[in-house]
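In the two assemblies presented below, subunit A is common to both, partnered first by subunit B and then by subunit C.
Let's look at the complex of A and B:
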């Protein structure tokens, strides 16, 4: 083993350790701010692993998009909510937790077995380290042209949709509401619960989230 | 590869229908920006319908295309995809008809609604023809993300918000599972994304029945089953159907589901030819569960939208019979049933929308005595529901008979018997609604019907609803009696599709149209 391979191995181990630790922290910590920052750590470790695989463009995109955009957005959302709410511990919570653990461990062992058993069809080509952007560009404009163009429609629609959901609607004055129903709601009235006389608005489904959709 | 030869190889003409839809949606969104909300709501729905019908016409012109593969293998515009793209575009056109008045009543902007609906249609149409993993995923996400947005479109209504959030969370996790399955396929095939190349490469590496392929299959089916709302991946359906705007529900139950079935056929048949027994087994289980749960739980529903939600789960179970048997007739009967389902389900939803617009409710009990006040609505809803239940001579009956006949021919006796039993159950809950509307005496009329407003079709947006009801009514009743063109269409679509030809083990010679019709009469007598 020469020096380069050694460095690679050590960095792989280090990055994997960071990634697994940060991911476990995201799931297990109760403070959501820690989780959000650890999620950024997970993304950065993944970017490091991409670098080790000679995928420099993907690594850059990972840092820019996931750490720079997605994760920052998550932290912003947490800061804006700014509400500290302690959840009452559920009775018999250990049953759920252990069931989740059993399912996750089962899935993990299944996938591990699969990865180890399968004779992977590895490509012998050396990854093009310096020209990966050129290769990606060539693919975008030859065999992945259609998905690439469709993604532009998808992004346009996501933009329109995000604006629709986020914009402040012009609401007419309360006195001017001549229509029989409040604006921006479904024309159907909320369903009344069985056994409640119609016309008692305080017991409708929509007013009590815990009763909905039973 | 230089530019000229690349352009020649792309074969861009095959996506002409999708280009028409894209152009329509661009005109709608830009035109709305220019002329403003109130002015644009007068012409955008009609422009969208014209665009969608033009796309259907463009699809028709491509029917006998000799070179369906385009974009270097990304897209396959064979007869199968043409039929499915037509179903999706038509369902979107009918959805536009029923949404004009509804969206206006809810006080939301119409042009944006149409834009997102057209994008969803575009995603579904591309999904029906995509032949490659990246393309499948991008078009699947286009369809899904626009569906989430449509679901939460009435944003001040907590029911709509809840529906959108549930749909988003469950949809995102199912997309992730689907993506994991696709990445396994990519890895097992040594870096192929084209479906045909994946199958060839996996077979060459003798990984066909390896545990990795089985896991990939299970994950991919989980993603597809979420789209077609098959039990046990159906949990989102009732809540989303109840909380979304009703035109969206209509599109989700027909267009989105048809896209899911197109994806199921293409992906399973092309990429998993060595695991045919396994995927047929998994889908059999899904079909059995969907038929039983969908139809039995629908019995207990009091809300019309929830009733239709559970009935659509049951209907998806019936359609899966055709997919499971894997014969030519199985696929053809699937297509036929989906076309029939398009008319009858959209008709039923149009009537439900009209009723809720006039009375503000969708409780089944409120429909009592409707016959006295609104005969056209009663007739439309009764015909569509009876057709969904499979009462002769409506189109749903012939669709079901064809499905069951194809299943019986292929030896899936248990499935067919279960299908018969569950369709009898379904007839019960459909007839219950019809009975409430028609049979009740005037004094048993519900409050909503007693206060029924005067029937007026000249209000803005009511004409399209009327056109929608009449069209689906005519299609549901006429297509039952004159169903031969549809049979021919479905059979030709399967006969002209190469992937289905190579997949079907020729157990029986291709039945000609006459024989098919004659044999179809036989099980009718046994009933």
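Let's look at the complex of A and C:
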């Protein structure tokens, strides 16, 4: 990183402020759509911090995979489970919130003390800024070859598993009902809802197309 | 620019992730908190890779692996949330007692 020291410090401060503010927004805001977009802000700030740490390839991968794939997937999931309901308030919710806050602050102070007390043996060598992708490629195809291939197998397994989990059950014997309705829907039927009557008033617009198949 | 700044930043992000993981009622927000914690771990790995091992950047290799695993985890987790939503018609974590008793 061939920036001046002050410029690096100011950018680190700005990126840290953006990152922690967006992360607090993800956790504390009530609307989950705002949380999803602020999560994208957190990922972008993390990519900027990776650039400060002389890792251009990982910063690019962060933007491509996290912002481009994971965040879009989360936004799609929010659209698919678009149920606007207010959760029933728990009786002793403040006990759990305050206890969690105390535990998190304690863990943070513990980690901060550990970081500040430990004598790190810093390397005096200069970071290989422009050749990090070459080094990563060498590692991938020499000493990390087996984990690299196993990661591809795991991604394939996650792909198949996600399709099987999210697929609806195909029930072709209900086609007599499908003839009556003029609306074009997929020839499938959702599973029986456990403990919820189909005509209950809290059903939303998102669940209406599945009702037509009943 | 010191190593400690990045480590403290990662610790703060991890604690925010834990708070969201425990206190969220929405199941999708729980998955978002898990992503925050994975990002904190990535930040730690990158800081160590830059300051302790700048020649052969093994921390960056591990970060790439963590990013791949996180993508797989997000896909499977959101599929599970979708399946539970079809089954129970809610995303409230307090009403998911399928494996409780």
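Note that in this section the second predicted complex is superposed on the first by the 162 of 214 C-alpha atoms of A that agree within 3 Å, B and C clash if a C-alpha of one lies under 4 Å from a C-alpha of the other, contacts with A are read in each partner's own complex, and residues count from 1 in each chain.
By our rule, a residue touches a chain if its C-beta (ideal position, glycine included) is under 8 Å from a C-beta of that chain, and two chains touch if they have at least 3 such contacts.
Treat the numbers as computed from the prediction; the structure is a model and nothing was measured.
Peer 1: Under the stated touch criterion, name the partner, subunit B or subunit C, that contacts more residues in subunit A.
Peer 2: Greater contact footprint in residues on subunit A: C.
Peer 1: Is A:142 contacted by the first partner subunit B, the second partner subunit C, both or neither?
Peer 2: Touch partner of A:142: subunit B, not subunit C.
Peer 1: Give one of first, second, both or neither to describe whether A:119 is in contact with subunit B, with subunit C, with both, or with none.
Peer 2: A:119 sits against subunit B, while subunit C stays out of touch.
Peer 1: Tell me which partner A:6 touches in the superposition: subunit B (first), subunit C (second), both or neither.
Peer 2: In the superposition, A:6 contacts neither subunit B nor subunit C.
Peer 1: Who does A:105 touch here: subunit B (first), subunit C (second), both, or neither?
Peer 2: In the superposed model, A:105 contacts subunit C only, not subunit B.
Peer 1: Looking at A:151 after the superposition, I want to know if it touches subunit B, subunit C, both of them or none. Which is it: first, second, both, neither?
Peer 2: both
Peer 1: Regarding the shared-chain residue A:161, is it in contact with subunit B (first), subunit C (second), both, or neither?
Peer 2: both
Peer 1: Can A:65 be said to touch subunit B (first), subunit C (second), both, or neither?
Peer 2: second
Peer 1: If you lay the two complexes on top of each other, which residues of subunit A touch subunit B in one and subunit C in the other?
Peer 2: The overlap between the subunit B and subunit C interfaces on subunit A comprises residues 111, 120-123, 144, 147, 151, 154, 157-158, 161, 165, 190-191, 194.
Peer 1: Note which residues of subunit B are touching subunit A in the complex, please.
Peer 2: Answer in residue numbers: 1, 6, 10, 15, 22, 25, 29, 70-75, 102, 105-109, 112, 115-116, 119, 122-123, 126, 132, 134-135, 137-139, 141-142, 145-146, 149, 152-160, 162, 187-191, 201, 205, 207, 210-212, 215, 238-239, 242-243, 245-246, 302-303, 305, 356-357, 360-363, 447.
Peer 1: Note which residues of subunit C are touching subunit A in the complex, please.
Peer 2: The touching residues are 1, 3-9, 11-20, 22-29, 31-33, 35-36, 39, 42-43, 46-47, 49-58, 60-61, 63-65, 67-76, 78-83, 85-92, 94.
Peer 1: In the complex formed with subunit C, which residues of subunit A make contact?
Peer 2: The touching residues are 5, 8-9, 12, 16, 19-20, 23-24, 26-27, 32, 35-36, 39, 42-43, 46, 49-50, 52-55, 57-58, 61-62, 65-66, 69-70, 73-74, 76-78, 80-81, 83, 85, 87-88, 90, 96-97, 100-101, 103-105, 107-108, 111-112, 115-116, 120-123, 125-128, 132, 135-136, 139-140, 144, 147, 151, 154-155, 157-159, 161-163, 165-166, 168, 190-191, 193-196, 203, 207.
Peer 1: For the complex, which residues does subunit A have touching subunit B?
Peer 2: So the residues of subunit A in touch with subunit B come to 110-111, 113-114, 117-123, 141-147, 150-151, 153-154, 156-158, 160-161, 164-165, 169, 179-191, 194, 198, 205-206, 209, 212-213.
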